[in-house]
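Please go over the structures that come below.
The following pair of complexes shares a single chain, subunit A, combined with subunit B in the former and subunit C in the latter.
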Partner chain A sequence: MDYNGGTVLAMAGKNCVVVGSDKRLGVQNLTVSTEFQKVFPVTEKCYIALPGLATDVQTLSELFRLKCNMYKLREEREIEPLTLANMISSTLYGRRFGPYFCEPIIAGLDKNNKPHIYGMDLIGCLNYPDDFTVAGCAEAALFGMCESLWEPDLEPDELFETASQALLSAADRNSLVGWGAVIHTM
Partner chain B sequence: MKPGEVNLGTSLMAVTFKGGIVIGADTRTTSGPYIVNRVTDKLTPIHDRIFACRSGSAADTQAIADIVRLYSEMYSVNFGEDPTIRTAAALFHDICYQNKNALSAGIIVAGWDKYEGGSVYCIPLGGSLHKQPFATAGSGSTYVYGYCDKNFRENMTQQEAVDFVKNGIALSISRDGSSGGCIRIATITEAGVDKIFIPGDQVPTFWNKS
Partner chain C sequence: MSDRYSFSLTTFSPSGKLVQIEYALNAVAQGVTSIGIKATNGIVIATEKKTASPLIDDTSLEKVANVCPNIGIVYSGMGPDFRVLLAKARKAAQKYKRIYNEYPTTGMLVKDVASVMQEFTQSGGVRPFGVSLLIAGYDETGPVLYQVDPSGSYWAWKASAIGKNMINAKTFLEKRYNDDIEIEDAVHTSILTLKEGFEGQMTEHSIEIGIIGGGTTGFTEGKEQPLFRKLSPSEVRDYLANIS
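So, the complex of A and B:
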């Protein structure tokens, strides 16, 4: 997880969620790109964030794009966040003894616009928090920032600000994270 | 480096110009990926017009600089005049070479004295001593060899030298994960030492879009 760098977080607010990441791609301490995408849209109301080994970030984002498109064709409806989380969890556990080096985070609104966030480890253990979830190189720093900055029932603008400040401050304390940040608000 | 040991990842530059020298450094100290200090001062005074730029193990370079600072102060007492840059560099070299197996220190010694004017001495990992018109050191230096070779000229003006160092450090910072934060620059001439601090948001930026 320390090879390419990168970190992500997601937070839940009042009828809204945010998910964000930094933009750095490195090879150990060489910075290779400052525009590396780690947060991917799955549906209009559901995003996944993939920190970790960059090749697995790209492979998994394409794999989940395939799986969600097939889901949509078969089910004739968009996938819900909890369903997506379980699908990702099964995919990762399918490689239990040769895992993808990626700890995905899911953030979205379900069909009733209720906020959902989920995190998991690299072999698919799901976490169902009601406040925030963090992953990647700066997760230790992010835990500290989120624990102190987050409070329940934040409006979208406030939630955006909270998530941004947590991400930026944590990124400033990790040499493999930074070079800009992206936050998506739903 | 032992696990948990603190590392001055670092980008360092030192350059002679007409009238003295300019030295510059980033401000990041790391322990693994964690940034222990993001506003470090790696430009350490050794004497009135002698500075050392430190890279490698933070503990090793601090300890060596403290010893050489002691010797430099004693030099003035014993010999009645300030030590030359060559003398200070020789003191650093002696410690770094004799203890080469135990130390992890890349140091640039630079300053102004009345005999040579501005001089820059580089002491890389093995403890060899190299007098050079300009020098770079630290993990970030590898990314600016081309920039420095292309843009260095003898007898630059002070402002040209400051810009050369500022841009060089900024380029290193943009590519090296172990370098970052802000830029500290010091100009040393007959008149004395002038330290400049460039905050992170004012560091020059370059092409970085995909």
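So, the complex of A and C:
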């Protein structure tokens, strides 16, 4: 998980969620790209964030795009965040003894526009927080930042500010993370 | 001339039919009648429990069955074929749950069951299932009733009958069905429809009724939702008393 660097977070507010990541891709201490995408849209109202080994980030984002498209075609409806989280969890556990080195985070609004955020470890153990969830190289620093900055029922603009400050400060404390940040608000 | 093409399932007859499927439908038409009615707040499925002899212990026979908490199923045709499909349907529902941690919608389950039935119309060395199924479920889009035939084709109904008396029963239902029917009325109507073609005395042991929706909610999977359940003999007796 420390080979390519990268970190992500997600936060829940009042009828909104944000998900963000840094933009660095490295090979240990060498920075190779400053525009590496780690947050991917699944539906209009649901995003997944994939920190960790870059090859797994890309493979998993394509795999989940496939699964979600098939879901949409078969079920004739968009996938909900909780269903997506469980699907990702069972996909990761399917590789229990040769895992993907990635700790996904899901953030989205369900069909009633209720906010959902979920995190999990590399073999699919789901976490159902009410407030925020973090993953990646700078997760320890992010835990500290989020714990102090987050408060319940933040409006979308305030939530955006909170998440950005948390992400940028934590990124500054970690050499493998940084080179800019991306935040998506829903 | 279709006799020459009737033995092998995987051969089309010149008229473009798969004769084995036609014969399977004949087998279904010999089975006892089953009814399904969709109400605004639930669904009823019902069937006759016709035993060959009064010595048979009919409590051991289950024709209206549960597939998963929100989906029920009933059949007309060959009982053993039904048992196989029921087992496959239950397994398919659990398999779906292993991935998504929620039960499939009725439409998804019906697609699975129907594709199993279709497989048996295109593989070598097997015969089609001799059953038609009525699958009733309640999911987020509301109550929905599907019929699946031996060919694997399925379609949704507001009210339907399969089996021996299906033509008369469907005519009866067409007259009595309206879009605003509630579950209580639907149970009542289904009993009356079964009565139309019933030979012998209708008691709480000779019919099976299953309902989903209405008042039958239960706490399952962490939330309150409509559950499928079979009416107990005493409840059936009450309904029967009301119609006579």
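Simple rule for what comes next: the second predicted complex is superposed on the first by the 186 of 186 C-alpha atoms of A that agree within 3 Å, B and C clash if a C-alpha of one lies under 4 Å from a C-alpha of the other, contacts with A are read in each partner's own complex, and residues count from 1 in each chain.
Assume a residue touches a chain if its C-beta (ideal position, glycine included) is under 8 Å from a C-beta of that chain, and two chains touch if they have at least 3 such contacts.
Keep in mind that what you see is a predicted model, and the values were worked out from it rather than measured.
Look at A:Q28: by the touch rule set out above, it reaches subunit B but stays clear of subunit C. In the superposed pair of complexes, A:S90 makes contact with subunit C only, with no contact to subunit B. Touching more residues of subunit A than its counterpart among subunit B and subunit C is B. Contacts of A:E75 after superposition on the shared chain: subunit C is touched, whereas subunit B is not.
Of the two partner chains placed around the shared chain by superposition, subunit B is the only one that A:G5 touches, whereas subunit C remains out of contact. In the superposition on chain A, no residue of subunit A contacts both subunit B and subunit C. Listing the residues of subunit C that touch subunit A in their complex gives 98-102, 105, 107-108, 111.
Listed in rising order, the residues of subunit A touching subunit C in the complex are 74-76, 82-83, 86-87, 90. Partner subunit A is touched in their complex by these residues of subunit B: 9, 28, 30, 32-35, 38, 139, 143, 174-178, 180, 208-210. Against subunit B, in their complex, subunit A makes its touches with residues 2, 5, 26, 28-31, 33-35, 137, 141, 172-179.
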